[in-house]
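Residue numbering begins at 1 within each chain, and the chains themselves are lettered A, B, C and D in the order written.
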Amino acid sequence: MATRTSRWWGTRADRGDARRLEAFSDGVLAIAITLLILDVRVEPEPGESLAEALRGSLPQIGAYAASFLQIGIIWTNHHSLFRLVTRVDQLLLLLNLLLLGSVSFLPLPTRLVAEHTTGVDAQTAVLLYGGTLTASALFYNLIWRHVVRGGLLVDGVSRAFVRDVDVRYLAGLCSYAAATAVAVRSPLTAVLLTVLLALVFVLGPSPRPFTIR
Amino acid sequence: MATRTSRWWGTRADRGDARRLEAFSDGVLAIAITLLILDVRVEPEPGESLAEALRGSLPQIGAYAASFLQIGIIWTNHHSLFRLVTRVDQLLLLLNLLLLGSVSFLPLPTRLVAEHTTGVDAQTAVLLYGGTLTASALFYNLIWRHVVRGGLLVDGVSRAFVRDVDVRYLAGLCSYAAATAVAVRSPLTAVLLTVLLALVFVLGPSPRPFTIR
Amino acid sequence: MATRTSRWWGTRADRGDARRLEAFSDGVLAIAITLLILDVRVEPEPGESLAEALRGSLPQIGAYAASFLQIGIIWTNHHSLFRLVTRVDQLLLLLNLLLLGSVSFLPLPTRLVAEHTTGVDAQTAVLLYGGTLTASALFYNLIWRHVVRGGLLVDGVSRAFVRDVDVRYLAGLCSYAAATAVAVRSPLTAVLLTVLLALVFVLGPSPRPFTIR
Amino acid sequence: MATRTSRWWGTRADRGDARRLEAFSDGVLAIAITLLILDVRVEPEPGESLAEALRGSLPQIGAYAASFLQIGIIWTNHHSLFRLVTRVDQLLLLLNLLLLGSVSFLPLPTRLVAEHTTGVDAQTAVLLYGGTLTASALFYNLIWRHVVRGGLLVDGVSRAFVRDVDVRYLAGLCSYAAATAVAVRSPLTAVLLTVLLALVFVLGPSPRPFTIR
């Protein structure tokens, strides 16, 4: 039965709204992930061979690969989370927009990390890079909390599952923040830690949302 | 029942057409919002640290954030409006194209606003920026009027709701035009006003389209 | 009943395939239309005000608007045509790819038309611009012919409608080719003619595909 | 019947997941294919006519066309393969991400192939170009193997069909690798071979996935 609240325009809506939210988010994430390559430039200097120039571009190519993985993981998470969303309200739209904003912003720190590999500038770049990923993790936490408390969750999700995701998302946020903090000591280690975190999240075990009946 | 008029090719069609219109619009809006970051360039000059260069890029980053919010709001509106559209005709296609054109154009004035922050050039830039947003608001008004008068609205929308949206859209148009006019006095105030307007639209209360039965 | 032929992998498929073809095409067209603005650059020279620089960029802005309209019309056409497609085969995939290729190519001649506004270079630029649009019109004709002859059309389309579209598509192709040829005499007239043609196609009357029962 | 395993969050899911995977992949492929034109730059040097500059840009335009065709074929393959996927697991998400990563990377080697047409640099460029295509073919093989062995295939696909695709995919991988190796001798021949392979794959006969009942 369509409830009264589901009839508010732009306030609460049905699963169709979640669909279009997913479609728009898919678009933004797909574009952000594909734009990364535009910043990888390989231009041999006079007297330099292309092979040498490519070797010199390895930090850029590595940064491309790392950010590709990060955005890919973010998409995977988005996909898993929104499967459990049954309704969309304006706050969810705004929080999702903030998440997409932080992801769209990622090409900038990615470029800076690739261009500044030593000294205090490397530290600045990695702090911005890790900070952006930490912001994404923060927005995920806020989205999840709002979905659960705002009653936007599909029916049949167990309490144990919710608590499990609570813990995992909070752990993700803390891990990214900690990895970012490492940049003060060693920027390269910090970047490698964020890559490791992403791999853990994509390959690690997942909780199940429904009680088995 | 599929009516006769719904069988005209490209003239009137069914809800499936509205779907593909939404999909195309989602694509354009998702791309426009993601391209914004390409114009944020942080390149330290010789002897300048990256942290200093980032501070110098704050106007660009602020302009990025402001336009990201604007396009996000425009998407949210598009989403709310087209949920109420049941059929698509050629004039609606054209009006929607004009709306998408004004949004796709936004990266240009955004860049100009970020690059020209003082004097008469700041005024020119903000007039173009506000003018583009005002044009978007105008096209929204035209789309809404055409949807209502052209009989493209879904069934069951109350007369009170239509009048309510009439007023809100007109108020939006006037507000953006007024904020733009402020640029003649203070460009920065004008930009902040447009951001404020966007926040009001995303967080404010929404009318409901259906009479509760 | 799913026919035998519809079970060939990649050869003939069901309406679901047409859906994904549409989705991919929507993506390409949405991106091509949104990328156009990246080529509009407004950079005041020393001593020049932004307002003067904007006036100097009017050809670029005009070219942006013209190509935005062209791609928008192409999307509208694509939308109308593929509503009538019930199955997809490999030749249709290839022809559609060629169409998308010609549209994705359009940003290049658009830039050239904007940058070369006088003399023999304007003529070269407009010939390439008109030639690209003519190629798109040609691929539309080939797609339509293949859809009709290859039995990919939905049921219930009248013979009169098919003949009508045959004529219209052929007329479109000839008109674009003729407008392109005008470039040898007057490049500006040629560009204006292509804009006029696009407006005729979006606002003119459309035939109806079904016999009214 | 929804099985137990299909209820694991992010581990195994239903056909809806395959849909969103397709949508995201469509987005990435559509963007990668459309970004290619951004790297084609035609800028006449002083005293050079536009027509002469265009002739000088023919390698770039050829590289654009070749990569457009490659990504188009990759999309067609993706489309054919995922029609047969009924469930998505995390390894499939990761493998698909690697495939998309290799395709998104293609604009870079495409640019290098266009810019370096003679000597040892041409060889380096074509090795990277062919290597990227070979990597895509490799990821296709891995995806296919995982789909078959991981039980993600739709019901009713015949054993003969699976073996047929096994052979075809392996042949594709070996052909691209061989074409790449030719670059050591003749870079141009290697590029032409990859184009030829793409045409064979799009126009050649396809196996059928189902036994005819």
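As a convention for this text, a contact is a pair of C-beta atoms (placed from the backbone, for glycine too) under 8 Å apart; a residue touches a chain by one contact, two chains touch by 3 or more.
All values derive from a computational prediction rather than experimental measurement.
Trainee: Would the interface of chain B with chain C count as same or different, where same needs over half of all numbers used to appear in both copies?
Mentor: Both copies, chain B as well as chain C, present different residues to each other, with under half of the numbers appearing on both sides.
Trainee: Among the chains, which has its CA centre at the largest distance from chain A's?
Mentor: Between chain A and the rest, the longest centre separation is with C.
Trainee: Let me have the rounded angstrom distance from the C-alpha centre of chain A over to the C-alpha centre of chain D, please.
Mentor: A distance of 25 Å separates the two centres.
Trainee: Using mean C-alpha positions as chain centres, tell me how far chain B is from chain D in Å, no decimals.
Mentor: Taking the average C-alpha coordinate of chain B and of chain D, the gap between them is 36 Å.
Trainee: Any chance you could list the residues of chain D touching two or more other chains?
Mentor: In chain D, 23, 27, 30-31, 35, 38 touch at least two other chains.
Trainee: Which bits of chain C are touching chain B when the two form their complex?
Mentor: 22-23, 26-27, 29-31, 33-38, 40, 42, 44, 49-51, 54, 64-65, 68-69, 72, 75-76, 79-80, 83-84, 161, 202-203, 205-210, 212
Trainee: Quick check: in the complex, which residue numbers of chain C touch chain D?
Mentor: Those in contact with chain D are residues 4, 7-11, 13, 16-17, 20-21, 23-24, 27-28, 30-32, 35, 38, 90, 93-94, 97, 100-101, 104-105, 107-108, 112, 116, 120-121, 124-125, 128.
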